[in-house]
C-alpha cells in the first residue's frame, strides 16, 4: 500500500517506479529493454502512467515483461483517490478538447454512405497522434497513394442479360465461410482510436460473419480478443516472429491453443518503415489548433538521428530480421498444424517461392505502404502474377490488402484471381468513429457495394468473376 | 366533395388519404407497393401532395396503380380554394427562392454558344434535388467523368483539299431520317427541371428533325408524349422490362399501338446504381445556402442501410433482373414487329451476342455512368469493337451514348463506325434552362459544330467519316 | 465638302453613309456584301467610323470594294475639325484606359528574357477584343494547348565532346537565306495590336534577316508591306484562295508582280473555326474591369445562332471551300512560277499527296489550333511523317507551325526533319508590346536560345541535328 | 598606405581601384578580362568591394589574375577603421534582415528528418540571389523537374525472407572506400550560402566517410579545401578545362600535386545555360518583401540581350568549347596518372564512346538541369544504358547525379548498375542551413534511408541490388 509521496521519490533512471491502474511497478531494470525506449517511461517516473500506457499495450504486457518481484503492489486508498481526482481535474489539452467536440458532432451512423464518409468522421475524432500513426506511410507516401490508385487503372467489361436477381457474395477463406470476400487485415493499436479497440472489431466481425486477422501488436491480448468472439467465429493470427526462436515458439503454441485458425507470418515489416508523418507527430498537442500544427513542438519529436521511427519503432524491435524460406517455414510447420499464410509477398518471384515452400496462402501486401516507399502496389503484383504465373493460383490461396476503398476494388481483385481482400485502416477508422456499430456499418456498406457491382457486372456468385471482366 | 378537415383525419399508416390536383385518393393499401417507399407518401398523409407528386409521376400514374374504388372524388370548392390559397401563400424555401432568382437572371438564349454554356445555366436554375438526380453518377463518378474524357483521347487526322462547300450532316437511324447523327437518349423525370418536361423535348425534336427515345420513366406518359409529336415525327421507346412478363407484354403492345417506331430494351439498369450524390441530397433544402449545403440535413436523407439508392431506387424496383439472351429477345420478338435495339452493351463479347441474337441495333451505354462505376466508357468499347470485331457493324446499327459534349465528339464516334450518338443530360439541361427553345438551341449548336468539324475534317457527308480520321 | 449634319441624315439601312479619315462614303449597297456583316457598319451609319475601320482593314480595302461613284468626297474643314475634337474629347472606355496604363507600365525591353515574358506584356497592353482574337482557339482550345504540349513530349539525347565554339544557326528556306530556322507565319490583323501592324514585322525581319510570310488578311496591303521591306528582303505570301477563280488569279498575279517570293496556299481555314472566346468578346468593354468581364454584355455579342464565328467569320467568307488536288494545284501552277507551299497539311496521307502533286513545300499546321479542335498537333504529324514516310522529306521542304515557344522547340522540329519553323502569335504579341523593337527582340531571344541549345546538343550547324537526338 | 579619399578618385573606367579586405588593387586593365563583366566591378570603383567579392571568389583569385604591380598595398589604419565602421553601421537591406531572422528561427537540427526538411530551411536562410543561383535550372526547368520525377517512374519488387539483420551500405568508388554509395557532386560557390562554404562540406565528408568532388568554381581554392581535409580523406576534382591548353595543363598538375585522387572532366557545361530565374534575380533586393519580388528591379538585371546568363555566365567564360574524344582524352591522359571520369554523359552513344576512349568512369549528368532543358534525365539514360548496352558497366564505373532526394532514389540507380550517386544541391543547402553539422546530418539521413530501404528490399549489401528489383 503505497503513498504518492513514496512513489514520487523513484523518479529517475537510478530508481524508476510508475503507477498503472493504481498498482506500483519498479521498471528501473526494464528501462533499457522497453521497445519504445527509456525516455518515454522516464517522463512518467514517480507518478501515474495509466493514460499513456493503456492505448498502446495489451493489459497483460506488464505481467509478461516484468518479474513478479517488481510488482510492488497497490496504492493506498488515499493515493488512488488522489490519482483519480487528479485525472478528473486535469486540464485537458487542446487536442483532447477538440476530440471531445468532434465526437459530440458525429453525424448519425445512418448518414454514413461510404467508407470515405467513415474515414472523414474518424480522422476528426482521432487524437493527433493516433491519426498520424494510423494514416502515415513510408517516406513520401507514394506507395500509400499508389496502393489505392492501382485499382483505378482497371476498368470493367460488364456482361448484360445474365440472371442476377439472386446474388450471393459469400466465399470461403482457408475453408472458413465469409459472408463477403473481405477480411480484417492485421492492424495494430486499435485502442488508440477507441477504448474497446480490437474488441469492437471482433464483435462486428461476428455480427456480419467475416473473419478477423488479429495483429501481434494488437492493444488487446490474443486471449482477450478470442474470449470476446462467438464460439464458432473463426479468427486468424498475424504473427510477427520474435528473433528468439523459443519466444516465437511459445507464441505460436499459445495462439494455436487459444483456438486461432490460421497463422499469417508477417515478412514485410521486420524493421520499422520511415514514417515521417508519425515520427513528426507529438504525443501531446497543446497550444496548437488542429490544422495548424507546427512541424516542431518544444520538447517533443525525435531527439536524435536514430530514434525517428515513430510508433512503429517500438513494435518491431524484437522481430526476426533473418528469416529464410529454408529455415523459417519448416520451423513453423513443425510447430503447428494450422494453415500458414505468408503476409507481405511483393513480387511474382516470391509468390512462386511461397508456392514451392508449400504454404497455404499468400497475402500480397506492402504493409499498407508503411514500410518501403515505391514498393509496387499489391493490385499490380496480383496483375503480374495472373499474367506471368497463373499456375500459382492453383497451388495456394492468394489475397491482397492495401488501398481498397470500394466494393468495386474488391471485385477487381477477385476478377484477377484473389480469393479475398484484406482491409486494415478501414476497420480502425470505423471503430474509432462509432465503435462496434461502426465496424458493422463498414461491412454492410461493403456488402451492398459488392452486391450492386456484382449485379452490374452480370455475376451472381464470386465464381462468375473472371479475368476478362477487369483490365 | 371532401372538406380538408375530413381528409386530415386520414393521416396515418392505418388510413392514409392524399389530395392530388383537388381530388382525394385513399392510398392506404398502396403504401407498401409504392416504388418510392411508404415514408415519402406518409409525409403528405391527410393533406395536399400535388407539388411533390407532379414532377416525378406521369399524370396517369394514379389511374394505373389505384383501383377506381380508391378514387374518392373531388374536394369541395371551399377546400380547393383553401388548398390553392395555401399554395400561394406558402413561404418559399430558400432553394425555391434561389431558383426563382436564377431563372430571372438567365442570359438571353442567343448568348448560349455551347452545351457547356447551357449546362451552366441549367445547373443554376434546377432545384438542389433535381440537379443531384440529373447530374449524379455511381460511386466516385469515375465512369461519369471518363465517359467524357474518353473522347479527349482521340485526335483527328483531317484531310484537306476536299470539296466541303456543300456539307450534309443528315443520316438515317433504323431507316428514319435525322437531320444530324444525334438522337435524344432516354432520360427520366424531365419535369423535375421544367413543368412541361418531356413535351419540351418532343417539340424541339420536331422542329429540328431529330429523333427522341422516350424513357419508361418519363414524367409524362408515352401517350401524352406522342400526342405532342408531329404526325410524321418518329419516336423510339426505351423499355424497362417489368419482372412480370404479362405487365411487360401489355407495355410493349401499348407502345406499338401508340405509334412508337422502335424499342430500346434497357439492360444496363436492372438495379439502381449507387448514386451517393443523389442519395445524399434532401428533397427540401431549407435554411441552407446553395454551395454550402451540409452533408447531413436534419430529418432528410437515407434512414437505413438499404434505402440509399436515391431517386433511382424507386424507378427500377420492378425491373426484370433475370433477362437472358435465350429467353428475353425471342419473347420480345414474338410480341412486336418493331425494330429492337439493346441499350446498355458494355463489352465486345455482348455486342457479338447481340448480333447473333439478331437484334436491329445496339446502344453502347453504361447508363451515363450512373450504374457501375469503372464500367468502360462507351467510346472505348466502340474503339475495341471496331478493332476486334469490325464485322459486327455490318450486322446491326451501333450507337453510343455517354459523355458527348461537342460536335467533334459525335464525329469521333461516327469515324469509328457509330451510326448515331445519343445524348440525355444535355436535353434535360436545355429544357430545364429554356424549355422547348432550349432544346432547339441545343440541337442547332450541335448541328453547327458538326458541320464546322466535318468541313475541317474534309467530309461532306457522314459517309466520308472513316476510322483512319480519328485515333 | 460635307457637313456632319448632312452625313447624319444617312443613318439607316435605306441610306447609309460613313466617314473614314474625313472622307464620306455611301455604303448602302455594300452593306449586304460586307464580310463582317451589315450590323457592324450600321452601328456607325451617319457618322465617323475611322477608329473601328482602321485596325481591321488594309487602307486600300475601300478603294477595292467600293465603286468610285460611292466615294462622295471630303468633309468640310469645320466638320473635320469637329470630328477630330470629338475624337480627342471622347470619354475613353475603361478598356482603353486600362490599355493606356498598361502601355505606360511596360518594363524596359532589355528585361524581356523569353517569349513568355513578351506574351505577358502583350496580353496586358492589348484591348480585350484584340487579345480574344489573337489568343483564341477552336472549341475548348485542346489543340491550341496540345500544339505546345506536343513539343514537351520530346526529350533530347545531347552529344558531348563535339566542337561547338563556332555555332551557325542559319539555314535556307526555298533557297532564301534565313539567319535562324524560323520564319514569320501568316497572322492577320496586326494593327489590332499596334498602329503600324505588319510594318513592324517586316522591318524587324529585315533587321534580323528572317523571312516573313504575309497574310491575305493582313491589316496592311501586300503592296504597303513590301514597300516597307528592304530591297533584298525576301517575303512570302499566304494565299487564301477566293472562291471566284478570276478574283483569285488577279491576286496571284498581283503578288508575283509585287515581288513576293513564294505562295503559301492556305488549305486549313476554308471556313471559320468555332472560336468561342473570340465570339464571346465584345468590341467595346465599358463599365467592366479587366479580369471580371462578364460573359454577356448588353448590346454586344452574337445575336443569332449563325453569327457566332467572331472576327474570323468575316475574314474567310469568300474563301474557296471546294479546292482539290486535281484542280487547284495545276491551276495555281499555271498562273505563276513562284514556289508553291501548301499550308495546313494535318496528316501523313496528305503530305504524301502534296509530294505527288509536285509542290515545293508543305507547312504542317492546324492554323494555330483555331480551326478544328482535336486536330493532331503539327509536331506529332511531323513525328509520324518522319516515322512512316521519311522519303517525303527528300521530295519537298517540310515546315511546321503551332505551339513553338522556345529555341528547344525549334530544334526538336529540325531534328525530325523540318527545314524551318513558323511562328505567328509570337510576332503579333511582340509588335503589340514594343512595335518593331519587340519583333527584333523576339528574334534575338530565339537566336540566343537556338544557339545555346545547339551547343548543348553538340550541333555546330543545323545539318548536325539528327532524328536520334530527339525522341 | 592609402586613404579613402585617394582611392575614391579612381572611380571610373579610366582608372578603377577597389578595396578588398583593406588592400587596394588597380583593376583598370582587368576590367575587360573579368569573367563576370566590367559593370559589376565598376559599381564598386573607388571603394570597398569586399562583401561582393568574397562569396564568389576563392581567396587566391586576385593573386592569380592580377600582376603584383597592381597590388597597390594596404589602406591606412584610419581608412581601414572607417571601412569597418561603415560596414557595421551600413543599413541592412530588407533581404539581409529577412535572412537574419530566418537564421534565428531555424529549427534545431534534430528535427530535420529528410532532405526536403533541410532544403526548406535552407531556402529560407539563403539570400535571394543565392537561392536563385543554387535552385535555378535552364529555360522552363523541365529537366530540373524531370530529373527528380524520373526516379518516381521506377517501382520496387522487394524480396522477402532474406537475412537483413546485418546490412552494409558501404561501397568503393574508383577504389576508394565510401560509407554509403553517395558522393558530393561538384557544386560551385558554396560561400554564397555560408561563410565557410566548401570547407563545411569537406569536413562533413570526413566525419561520415564519403567522398567530395570539388568544383573548379568552388569559392574556396583547391588548396584550401584539401588543407581542411583529413590526411586519409580522398577528394576528387571537377575540372572545367580552360580553352588555353597550357592554363589547363597547369591546373591539372596543380590538382594532382595537391593530392586529389581523380579528375572529373566536365563536358556538359562548356557554355552557360539559359537560367532565367538566376538572370532575373538582382544581387541586391531592397524595398521588396520576400515572396513579392517584382520581376524588374530598378538598376538591376540584364542590360542587353547578350548578358543574360546570370551567375553562370562568368564561371564558364574561359571553358574549352571544342573538346573532342580524339584530342582531349589523350591530352589529359598524357598529363596525369589519376583516374579520369567524364562528367556529363547524356546518351547511350556517348557512354559507349567513353568506354572506347578508355576512361575510368562516366558520370551521367545534365548538370542538374541547368544547361539544356529537355535533356533526358540521368536516371532514364541509365535505364537505357542498362537495357541497350549492359556491357558498358563492365568496362568502367557508372555514376549518375541529378534529382536524387531519397535513399530509395539511390537504390534505384544502384539496382540498374550505378556504382554510386552524386548529389550537389543537397549539400549546398545543408551547409547553408547548418554549416558542417548540416552536411553531416544530410549524410546521416541518407545513410538511414538507404539502410532502411535495403532491408525492405531484401538486400544486405550493395551487391545484392539487382536490375530486376526496380522497373
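By written order: A, B, C and D. Residues from 1 in each chain.
Just so it is clear, a residue touches a chain if its C-beta (ideal position, glycine included) is under 8 Å from a C-beta of that chain, and two chains touch if they have at least 3 such contacts.
Fair warning: this is a prediction, and the values are worked out from it, not measured in the lab.
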item: Mutual neighbours - chains that touch chain A and chain B alike; value: none
item: Chain separated most widely from chain B, comparing mean CA positions; value: D
item: Angle of the C-alpha superposing rotation, chain A to chain D, to the nearest 5 degrees; value: 90
item: Proportion of interface numbers common to chain C and chain D (over half same, under half different); value: different
item: Mean-CA-position distance for chain D and chain C (Å); value: 46
item: Centroid distance [mean C-alpha coordinates] between chain C and chain A, Å; value: 65
item: For chain A, residues contacting two or more additional chains; value: none
item: Residue numbers on chain D that touch chain A, as the complex places them; value: 107-108, 110-111, 113-114, 117, 152, 154-165, 406, 408, 412, 441, 444-445, 448-449, 452-453, 455-457, 468
item: Chain B partner contacts - residues on chain C that touch it in the complex; value: 139-140, 142, 146, 243, 267-268, 270-274, 276, 279-280, 295-296, 301-306, 308, 321-325, 328, 342, 344-350, 353, 366, 371-376, 380
